[in-house]
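Two complexes, one shared chain (subunit A), two partners (subunit B, subunit C).
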Partner chain A sequence: MTREEVYERLNKVFREVLDDETIELHDETVADDVEGWDSFEHINIVVAVEEEFGFKIPMGKTVKMKNVGEMVDLIMESGH
Partner chain B sequence: MTITSLSFFLFLIGAVTVYYIAPSKFQWVRLLLLSLIFYGLAAKPVTFLYVLISTGMAWCVTNGMESGRKKKDGAKNLQTWKFIMVLTIVIDVFLWFFLKGREFITSSLWGLNQLFPSIRVIELPPVAVAMGMGYYTLQIISYTIDCYWENAKPQRNFLKLLLFCSFFPQMITGPISRYDQLSSLYEEHRIKYVNLAHGTQRILWGMFKKIVVAERCGIIVNAVWADFTLYGGIYTWIALLLYPLQLYSDFSGCCDIVIGVAELFDIKLVENFKNPFFSQTSQEFWQRWHITLGTWAKDYVLYPVLKSTRLQKLNKKLKNRFGKKAAKFITTAIGMAVLWLVLGIWHGAFRHIIGVSLWYWIILMLEDFLKPRTEKLNAKFGFKTDSFGWKFFRAVRTYLTYSLGIVFFRAKDVAQGFSFLREVGRTFTPSRWNPWILFDDSILKLGISYKDINVIVISVLALIAVAAFREKHGYARNWIDTQPVLFRRTLYVALLLAVVLLGAYGPGYSASAFIYGQF
Partner chain C sequence: MKDLEYPFDAESIRKQKKSLRRKLLSDASSSFVEKKIAILGGQTTQDIKLLLELFLLNFGIKPEFYESEYNQYYEEGRFPNEELMKFAPDLIYICTCVRNIQDFPLLSDEKEEVLRKKNVVMEKFTSLWQYIAQTYHCPIIQNNFEYPYFRLLGNKDASDIHGRVNFVTSLNSAFYEYAQNNENFYICDVNYISASYGLDKWSDPFYWHMYKYAVAVPAIPYLSFNVANIIKSVYGKNKKAFNLDLDNTMWGGIVGDDGPENIEIGQETSVAQAYSEFQEYIRLHKQLGVLLTVNSKNDEANAVAGLERPDSVLHKDDFISFKANWNPKSMNLVETAKELNLLPESFVFVDDNPAERAIIEDQVPGVATPPIDRVEQYVQLLDKSGFFEVTSLSKDDLKRTEMYQENARRAQFEASFANYEDYLRSLDMKAEIRPFAAMYMSRIAQLTNKSNQFNLTTKRYSQAEIEEVAQDADHVTLYGKLSDRFGDNGVVSVVIGRIGGQDRDELHIELWLMSCRVLKRNMEFAMMDELVSRARGLGIKKIFGYYYPTGKNAMVREFFATQGFALIGKDENDNTTWEFVVNEEYENKQNVIAVNTAEEGE
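Take a look at the complex of A and B:
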């Protein structure tokens, strides 16, 4: 799967969880850039990503992820 | 020895001298020895045993975990180490609770006794508690979990880990640092003018907040609280509204001193406050107040609870039945309840759980519930939500919300907290209505003079000005750095004189403990 394909699916996940069709993610996107991405939605997003890509994001990564780029790296590393 | 006493500053001068003589890669050993000396001077030396036990357990388990990971059957090994890790955390919490939580047990029984008189109150005998136990315990737990999560690399040198847990400035009121934030502890440091200047600046600013503002506000607040039914009316409002200011200038003042002291050693500690009284909502307030405790609780309590299989299953069920929004609201409510319960227990008092935690749990859930509705209303009526007036109104509302909840932090028990609030509410009854006390000399009954009132007003204006500058342009110190030498020196001397001449060193003053030093 290419990085572009990951982004396409990831955008869909974010739009679905946060109910916002305008979301466009980039490597540098952080929680403050996206309306509604708070601590509670962060977990909902992580769980939705796990379901979409079929792998578990460890708790340590869930806590430490700094931006969307790191999330995409994780997805790519998982090989799904 | 408290950190506002003369003996502390003499110790500090000696410590900085020893630290910078012949910089080397073993400077951290000097820092550890200085921390041990400070502990010996500021607390009962024998209680350091608790720090040693907790650090020792963390050192064993994290290094064991690391070597277990490398072995052939790493996964199986890791399971065993996970069990041992949980056990050490339980022991840490038990140790803390056994020693610090004694007041919690007594106060809980006392609170329950008021509701159900058949429950008896048992007074537990006092025990010697380790200094900064509430803070270093959280640091050790975060270090252990970070190593398990592979967010930190285990420290192989026990003494280096001991320094992380006992670095002396933060033993008083935190901040609660993460292991990766303090890696500079182990580096070589050379003396730099900028560190000494910034450190001294920060210490002076902290002293100003503590001794000029907090101590003075404390005189008024304590006088009213000593007999609030006698004072009544507007007096109770003065105490109600002044206590958050006292608590803020006391706690953040202490953090300023701590951060400034660490800066003298070229160690950057994390910030614990970010202009909390500028917050527009209570949620924002808690992101700006005692930040390191909040982020600790978020990472190690809230996230694991929200991501737990059980809560996720419940979330799915609720989503199918009531829809996405309701599911989010309910799971958020559960996560927040656990978070605030933990924060309440950490503060070690039953009244804190009933008053502050329960109050804020309700307020934050209410904010969450009302947010989309108020946004719609604002749009409908065309309120200018970007205007100064609107922002000011919201900041005042947030301050008032905090004032009401924090009453239970000041009260000696739940009943006293409610009695105080009842008095506040009775202000508007004819027998209690006394606004003229603001205009005659009645207010002097509280043990202060007009000079004190003027000092408080001018100091608060100074605090607001510095905070407003930080909101807009970042730290004032960066601006000060760009000013001519004469201006900078005048500013330092003025601040020093303000602390020396305007400090509330009256009969009630002892280089006293900080409110948050008790944890």
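Take a look at the complex of A and C:
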């Protein structure tokens, strides 16, 4: 799966969970850049990403992710 | 909305909760009752709340929420709390979890010490429940405890008093004991729900350590759905009847083609056993007051022959209505509803044929149409749907089928009279019409939440509110109980009036309802006679009636006119106001019911 493909699916997940069709994610995107991405919705995003890509993000890595780029790295590493 | 009915897709509900919410709120055809719900959490409750909102909206309940700070369920619920007081909750949900138990037994503890630790937890919770009951006078929903996610003693954890599993089991039992002895207190059985979901997945510690959710986020819809079921039951929104297909639903095969001797029912084959078990499950619902009706495409003789097999669990007289014909099922269902004075949406339509279900969904919106598929799964699917979630069981519920059978006998009896008044006279009706009495408070509250059709203002009351109104010097209350030669209908009518006016000579009717099971018996006139008589005793000069249309109560639009009120106002929403002048010349409107022939208090 290419990075572009991951972004396509990731955008879809974020748009669905945050009910905002205008979301466009980039490597540097952080929670503050996206309206509605607060600490409560963060968990729903993490779970939805896990469901979309079919793998569990370990707790240690969940807490260390700094931006969307690192989330994409994780997804690509998982091989899904 | 189909998306929110069991068996729902929990994943897509969670993902689409925002757009689902938007859709539910913008659906112009739905009307909502508004309820204030306080959630006192021992864990994060944000998503539990949001999902609960979706399920409640789907039940026609629009919640407004108060949410405690994280893990402040005790602090905010147990002590004076100005904010919560101002919020004035209609219901409080205490969303605690096994991680809220702080002091588990140690292996070194003596028996007395284990008991002491249990009592500490129980005292904490009991004092919380009691404070809430005294302060907010509202129903409480309390989670019981899910099992711990580890077992130090292995299997012995269940039986040894030092085991956490044992400790949790004993606490849950103590919770149940409180529930058995206190009204308006309901357990949300997290212990069962988590087991049904799978405890390991439910208690995935990831969600606790990351977000302080004791219930795994993917499992939240199942928890919220159960809480919503309890709430909708408290507010009288349960389903009331099964509308059942026969061929391949109640037995295997098609009785018209295969012959009654060849359908699958009884104990001979596995499939026959599964159908028998399903029939037994349906039969058990009679105890809850759920009415059983048949809706089958069959010649009646064939349908009856299927049920006449000696090994059939259900028999024809278990059904209060029996429609085996070749009419569209939607038509049968609507007619059945009419005969029983129920709304079509009170029915659960059980049919193995997806095409029949689709027609019902299309033609009779609001009817539940569970997608039953394989007979061995029928029971679980219906059971988890929570259609008939029990919060209180009144004596009326237990004998509802009997009451409808009495009605059927009345109808037969009626046919033997040429003149309707002669018929009414011959029924030998006796009514008890008196101010609210302690023994009827729960039934009165139940009626205010269940009655939709013969209901002038559709105002809903909790039992606590009914008790308050009963004691209030500014209110006149009446319940009406009707019996006749065929049986006792119990409490069937309720009137609440508020005394107003500078000289306290006005009575404003805030509630007037009657159960449809006693329509056309002149009970409404008996209520009016008694109301006028009580009003006169209090020096009331004018009675004001109010009619608020809801889409379900068209049958009483002209009710006050028939009672002799004059129309004095109408607003843009077609709400009408009526006036009745009380004077000495009032003549009783009915003389076929003997009212209050027994002494008060009897």
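Note that the second predicted complex is superposed on the first by the 80 of 80 C-alpha atoms of A that agree within 3 Å, B and C clash if a C-alpha of one lies under 4 Å from a C-alpha of the other, contacts with A are read in each partner's own complex, and residues count from 1 in each chain.
Rule of thumb we're sticking to: a residue touches a chain if its C-beta (ideal position, glycine included) is under 8 Å from a C-beta of that chain, and two chains touch if they have at least 3 such contacts.
Keep in mind the model is a prediction, meaning the values are calculated, not measured.
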Subunit B versus subunit C as contact partner of A:V30, first or second or both or neither: neither
Contacts of A:M1 with subunit B and subunit C, given as first, second, both or neither: neither
Which of subunit B and subunit C A:I43 touches, first, second, both or neither: both
Partner chain in contact with A:G60 - subunit B first, subunit C second, else both or neither: first
Which of subunit B and subunit C A:L18 touches, first, second, both or neither: second
Intersection of the subunit A residues that touch subunit B with those that touch subunit C: 19, 40, 43-44, 47, 59, 62-63
Complex interface listing, subunit C residues touching subunit A: 11, 14-16, 18-19, 22, 46-47, 206-207, 209-211, 213, 217-218
List of subunit B residues in touch with subunit A within their complex: 146, 148-151, 298-299, 302-304, 306-307, 312, 315, 324, 328, 331-332, 335
Residues of subunit A that touch subunit C when the two form their complex: 13, 16-19, 40, 43-44, 47-48, 51, 56, 59, 62-63
Subunit A - residues contacting subunit B, complex: 19, 39-44, 46-47, 58-64
